[in-house]
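The following pair of complexes shares a single chain, chain A, combined with chain B in the former and chain C in the latter.
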Partner chain A sequence: MLKYILKRIIYLIPTIGMVAVMVFLLIHMIPGDPALVMLGNDATPQDVEALRDALGLNQPLYQQFFLWVGRVLTGDFGVSIHSKVPVLTSIADRFPVTLSLTTLALVFSLIVSIPSGVLAAVKHNTKSDYMFMLGTILGVSVPGFWLGLLCLLVFSVQLGWFPSTGFVAIWENFWEGLRYLLLPAVTLGLFMAAVVARMVRSSMLEVLRLEYVTHARAKGLSEWKVINKHALKNAFAPALTTIGIQYGMLLGGAVITETVFSLPGLGKYLVVAINMRDYPVVQGCILFIALVYVLINLVVDLLYGFFDPRIEYK
Partner chain B sequence: MSAIRSKMKMRGVAICLVAALVLLGAGSLWAAPQPKAGGEIKVRLNTDITSVDPLASPAMVNAVVLNHVFEPLLAYTTNLKIVPVVAQSWEASKDYKTYTFHLIKGKKFHNGAELTSEDVKFSVERMMNPKTCARAKLFTGVAKVEAVDKYTVRILMKKSSPGFPNSLAYVAPVMAIMCKAEVEKQGGQITHPVGTGPFKFMEWKPDRHVILEKFAGYKGQSGARDGMGGERVAYLDKVTFLPISEESVAVMALVNKEVDLVHSFPQKYMKKYKSDYSKQGMVVQEVAGLVWVGAHFGVTRPVVDNLKFRQACAYALSIKSMAKAAFMGYATINPSAIATANQYYTPYFKEWYAPDMAKAKQLLKESGYKGQEVVVDTTKKYSYMYRMAVAVHAQLKALGVNAKLNVIDWPVLLKKHLKGQSQIHTFGAAPMPDPALAYAYLKRNKFMEVYPEAEKLRQEAMATADFKVRQKIFEKIHKICIEQVPWVISCNYNYLNAFRDYVHGYQVLSTGMPRLWGVWLSK
Partner chain C sequence: MEPLLRIEDLQVNFHTTQGVAQAVCGVNYHIDPGEVLGVVGESGSGKSVTALAVLGLVPHPGRIAGGRIRYRERDLLNLPAKELRKVRGDRISMIFQEPMISLNPAFTIENQLTEALRTHRSISKQEARNRAVEMLAMVDIPDPAKRIRDYPHHLSGGMRQRVMIAEALLLDPDVLLADEPTTALDVTVQASVLDLMRRLNERIGTAIMLITHNLGVVAESAKRVVVMYCGRVVEQGAVGEIFGNAAHPYTRGLLKSIPRPGGSELYEMKGIVPSILELPQGCPFHPRCPQAMPRCVREQPPWRELAAEHHALCWLYE
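Now for the complex of A and B:
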């Protein structure tokens, strides 16, 4: 097991390296100049050139890359071109917000998706199953941006249950923080809930047809035990892969949700940085998100063994 | 008889008393409500600030916040005259080579230190340094700053510079007078700004809020509030700026009373405001701004370098339609670079081409245009630029031009704009109270290179302080614009500010800068 973990961690190095190269090249390939954005629309070309020099943007690209990688390896993600705040400090300030949002979205999606997926499989080809299918199609199709605005309109403006803007961190005031996070988490988690629920349903349908389930029923076990103890545990391994991938994707989805709900998370920070061509921030944030993504996948791989004892780690 | 008389007398006195009471009561009803001190106002920012250093960035959003914390030497009034703020008075030498400022005595920074000429000298030198000021180029003409005595500062210019006060009154960044000791204490990187403004900085939590509090020790100008000039009385105890980037969310927050003021209310919500929100305690104020919006022609680019082609476009493009498409009517039609609110504005600046498609087609034919593709660049970052480009594109198509709409990222459009690389692009220019600076935009599309007479006139305007002479020069430049069509300016967009009806004393300014001194709450 330990050997397997070490092996996976070693595999992370080329993955992160590739991400670093891609991120660096992509952001520098996009037209647009951070110096220009920084100076605004009444800057002169001379001002822009002077600032480009000061920011080191006139150096050859490979030099800029190696300089950046060298710094990242020592734990220095650079300094924001615009705010002059170290990127790592900003990530440390904002990531807890994104983490709390995505975790709450994950909890919401699991609470919704697993029971509904199981229920749809058990009630296969009934009205409940059809309703479930309709619901999941809606969940997958509705754009997060639109859903967020709709939620705000209904629950915030019309009903007044939740605030429409502002933020209180759950680690500062748990219940108040929850009020601010619930709507964004539901908006963000709905897509994942729909995807996971469909996966749970199809896995359950496969497992429920297997002989050992019939055997369990023949033994006289209650339907509750057959479904939850025998069928669901086996059906959950494929769903776990989806959950892992989707949780990683939540980090991406948070970009839109945080913008709509004005949450001070990593996603919103990244969007602003891209618009302003703040290279160190974009590079740092994407590298960090990629790192989190691969770590989540590692955790998911390790969890397979818990749900499926046949899996061995070598 | 005497009893009757005395009774009548008593009745008369009673009537007089009742009348006096009624008048007193009515008087109190008619009197304007008295400002009430206290309370917190929540103001929406359309994006978060990027720095708490007032000079670090020209971003308008930074100035919106820091304008309440810091004060400049000079500032613009409502009709863009320049008045002192930190200075009690100021004068220029006859040759406009020396400016002398007499500071307000006993004016305090938020840390309790008294403002002296050393602070002003330090601050102006900070403005001159490109490493510390995003608009240091405005101060390249300064030769030396001298602290004459504790309350007198002298700025010596390299040459006659009648327009220099405009640099000190610049809108964004606010040319802040800073506390020398405090900046040095913070090692040059400002993390906790200390100014002399009516509100002091308390906290900035990135993407969450900026909090200011009333500065009890404020001492400033006397006289009525006028633009950024006049008295600055802080009634509010606390000001909280909340960054809300989504405009629909900002409107919802205002409806929900989670914010009290939205200083860039979206035009698309005006219909809803008129039908519903106005009955729910929301107020919208509108004023013509200084930002001028239109289509710029790259006069050295293929096809557009042809004067007759540009004139054909000028006849084909209806500036009213462009404004309507971009701002849904919430704009002030103005084909010039001089805002209608500007003191230099005269009726002559209304002169422009009346839409005439027949003439446009004739000129297009005469230009020798052979159906080449003409690209109209725009961006969706500023939705009004995109909407205006759609209108321009449609009207050019109607003229028979093979126009192509090209939507690009804002940084890309900005680069093309500055380098004159677009054939045609829509653009909103930054507020420029001094028209001589506004016409510098004609350098970007290379018009000043193609038509140096215009640049010569602009330089003449820069070299004189004579109001009438300058006004005539600007009229001449506008005449050249009519003849040569380096751009088709459509309008100044109107600032729409929305706030709750318990917010009093708020007034929209043509610079677009919110001003929260003199504002009080009745909730």
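Now for the complex of A and C:
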């Protein structure tokens, strides 16, 4: 098991390396010049050129890349071109917001998707099942930013149940923090809830037909136990894959959600940085998000063993 | 002697998109306390569905359309779900054909064995565990205290079937429904599992309904035999009567199809089992019957007593 984890961590290196190259190339490929953004449209070409020199942007791209990689390897993600604050400090400030948002979105989507998926499978081909399918299609197809705006309009502006601006950290004041995070988390988690629910339903349908489920019933177990112990544990492994992949969608979706709900998280920070062509920040943030995503998937892979003991980690 | 379990005029229909299939069509038979009853027939003869009906576990899209299943003055078909669950696994238990897929791969043997015990009896975890280890020893599983912590995939097919048997007999049930318990096993393992079941039957006194398509298995183990074809019981009697004096042409065909050392060329029954969606008129066996008469094509055959406790469903004995 330990050997497996170690091996997986070694595999992370090329993955993260690829991400680094892609991020670096993409951000340099898109038009826009950080020096120009910083100095404004009135700046003289000489001023812009001078700033570019000062920022090291006039060096060849590969040189810039290796310089950056070299620094990242020593734990130095550089400083923001714009604010001069170290990137890592900014990430450390903002990531907890994103983490609490995505975690809450994950919890919400699991609370919704697992019971509804199980129920739909048990009530296969009945009205409830059809309603469920309709609901999940809606959940998958409604765009997050639109739903976010709609939620803000109805629940915050019209009904006044939730605050529409501002932010209180959940780790400082849990209940107050929850009020600020609930709408964004639901908005963000809805898509994942729909996808995972469909996965739970289909793998439950498959498992419920299997012989060991009949065997569990023949033992005299209650239907609750047959479904939620014997069937669900087996049906959950495929759903877990989806959850791992969908967590990446949550991290990506957080960019939009944080912008719509103006939450001071990594996503919003990233959007601002992209607009400013703040290369070190964009590179640092995306690299960090990629790292989180791969680590989450490592955890998911380790969890498989719990749901399916036949899996061996070698 | 009052029978322990009596199946009366059982009808099970499968509602498919191609129509209603009569999987079990007026089946009558019973099992006495402590006896081993062999139920024989080809695949699709309704023998497994009958056993599943006893526990109320007929799979979708099957539905019990009529009849009664009497067990200790109660009709299992009319029992509330909660009462029926008390019978399942406790008084009447079942083992399945494929030990490889009948145990839940996600739980340890201990978890699956003690679960049945703790569902039906209020005993401590430790007691349940001890009882389970004892039972595993009884079904000849070596080093049971260690093996009980294994997951099913750690065990061979034969071992798993022993675990299934151990589990089924944990609560000293009155009846064990054994649905092709040896079919999926290697021949050598088959013999030892059958032998085990016979010994347990003598020792614990649990009646066994041994469902099989293998007449050899029945000859070795059963006291009485029920022969099924296309959802009907076509012949039933003591094992000696059936093997020595088979009356129904189908039973005779089955017996002639058993290979014997030094025997003449193997008999091959003509035709195949018809689909239960398109059963022929009259006797469902007539297209394959070497002794078919015009009457067999038109009318359902009658149930006739040929000797004491020996019956057949055939026009030959009119």
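Keep this in mind: the second predicted complex is superposed on the first by the 314 of 314 C-alpha atoms of A that agree within 3 Å, B and C clash if a C-alpha of one lies under 4 Å from a C-alpha of the other, contacts with A are read in each partner's own complex, and residues count from 1 in each chain.
As a convention for this text, a contact is a pair of C-beta atoms (placed from the backbone, for glycine too) under 8 Å apart; a residue touches a chain by one contact, two chains touch by 3 or more.
The shown structure was predicted, so the numbers you read here are calculated from the model rather than taken from an experiment.
Participant: Superpose on chain A as described above, then tell me if chain B and chain C fit or clash.
Facilitator: Here chain B and chain C can both sit on chain A without a clash.
Participant: So, A:V272: does it touch chain B (first), chain C (second), both, or neither?
Facilitator: After superposition on chain A, A:V272 lies in contact with chain B alone.
Participant: Going by the contact rule set out at the top, does A:S156 touch chain B (first), chain C (second), both, or neither?
Facilitator: first
Participant: Is A:E211 touching anything from chain B or chain C once the two structures are fitted on A? First, second, both or neither.
Facilitator: second
Participant: With the two structures laid over each other on chain A, which partner does A:L221 touch: chain B (first), chain C (second), both, or neither?
Facilitator: It touches chain C, and chain B stays clear.
Participant: Could you say whether A:N234 touches chain B, chain C, both of them, or neither, answering first, second, both or neither?
Facilitator: The second partner, chain C, only.
Participant: Which chain makes contact with more of the residues of chain A, chain B or else chain C?
Facilitator: The partner making contact with more of chain A's residues is B.
Participant: In the superposition on the shared chain, how near does any CA atom of chain B get to one of chain C? Answer in angstrom.
Facilitator: Nearest C-alpha pair, chain B versus chain C: 47 Å apart.
Participant: Starting from the residues of chain A touching chain B, keep only those that also touch chain C in the other complex, and list them.
Facilitator: none
Participant: Okay, in this complex, where on chain B does chain A touch?
Facilitator: Result: residues 47-48, 50-51, 56-59, 130-131, 134, 137, 189, 205-209, 242-246, 248-250, 252-253, 255-256, 258-259, 381, 408-412, 414-415, 417-419, 427, 429-430, 432, 437, 440-441 of chain B touch chain A.
Participant: What residues of chain A sit close enough to touch chain B in their complex?
Facilitator: 30-34, 36-48, 50, 54, 82-85, 90, 93-94, 149, 152-153, 156-157, 160, 163-167, 259-265, 268-269, 272, 275-277
Participant: Which residues, counting only chain C, touch chain A once they are in their complex?
Facilitator: 52, 55, 57, 59, 81, 85-90, 93-94, 96, 98, 101-107, 115-116, 119-120, 151, 153, 164, 167
Participant: Spell out the part of chain A that touches chain C in their complex, as residue ranges.
Facilitator: Touching chain C: residues 209-212, 214-223, 225, 230, 233-234, 307-310 of chain A.
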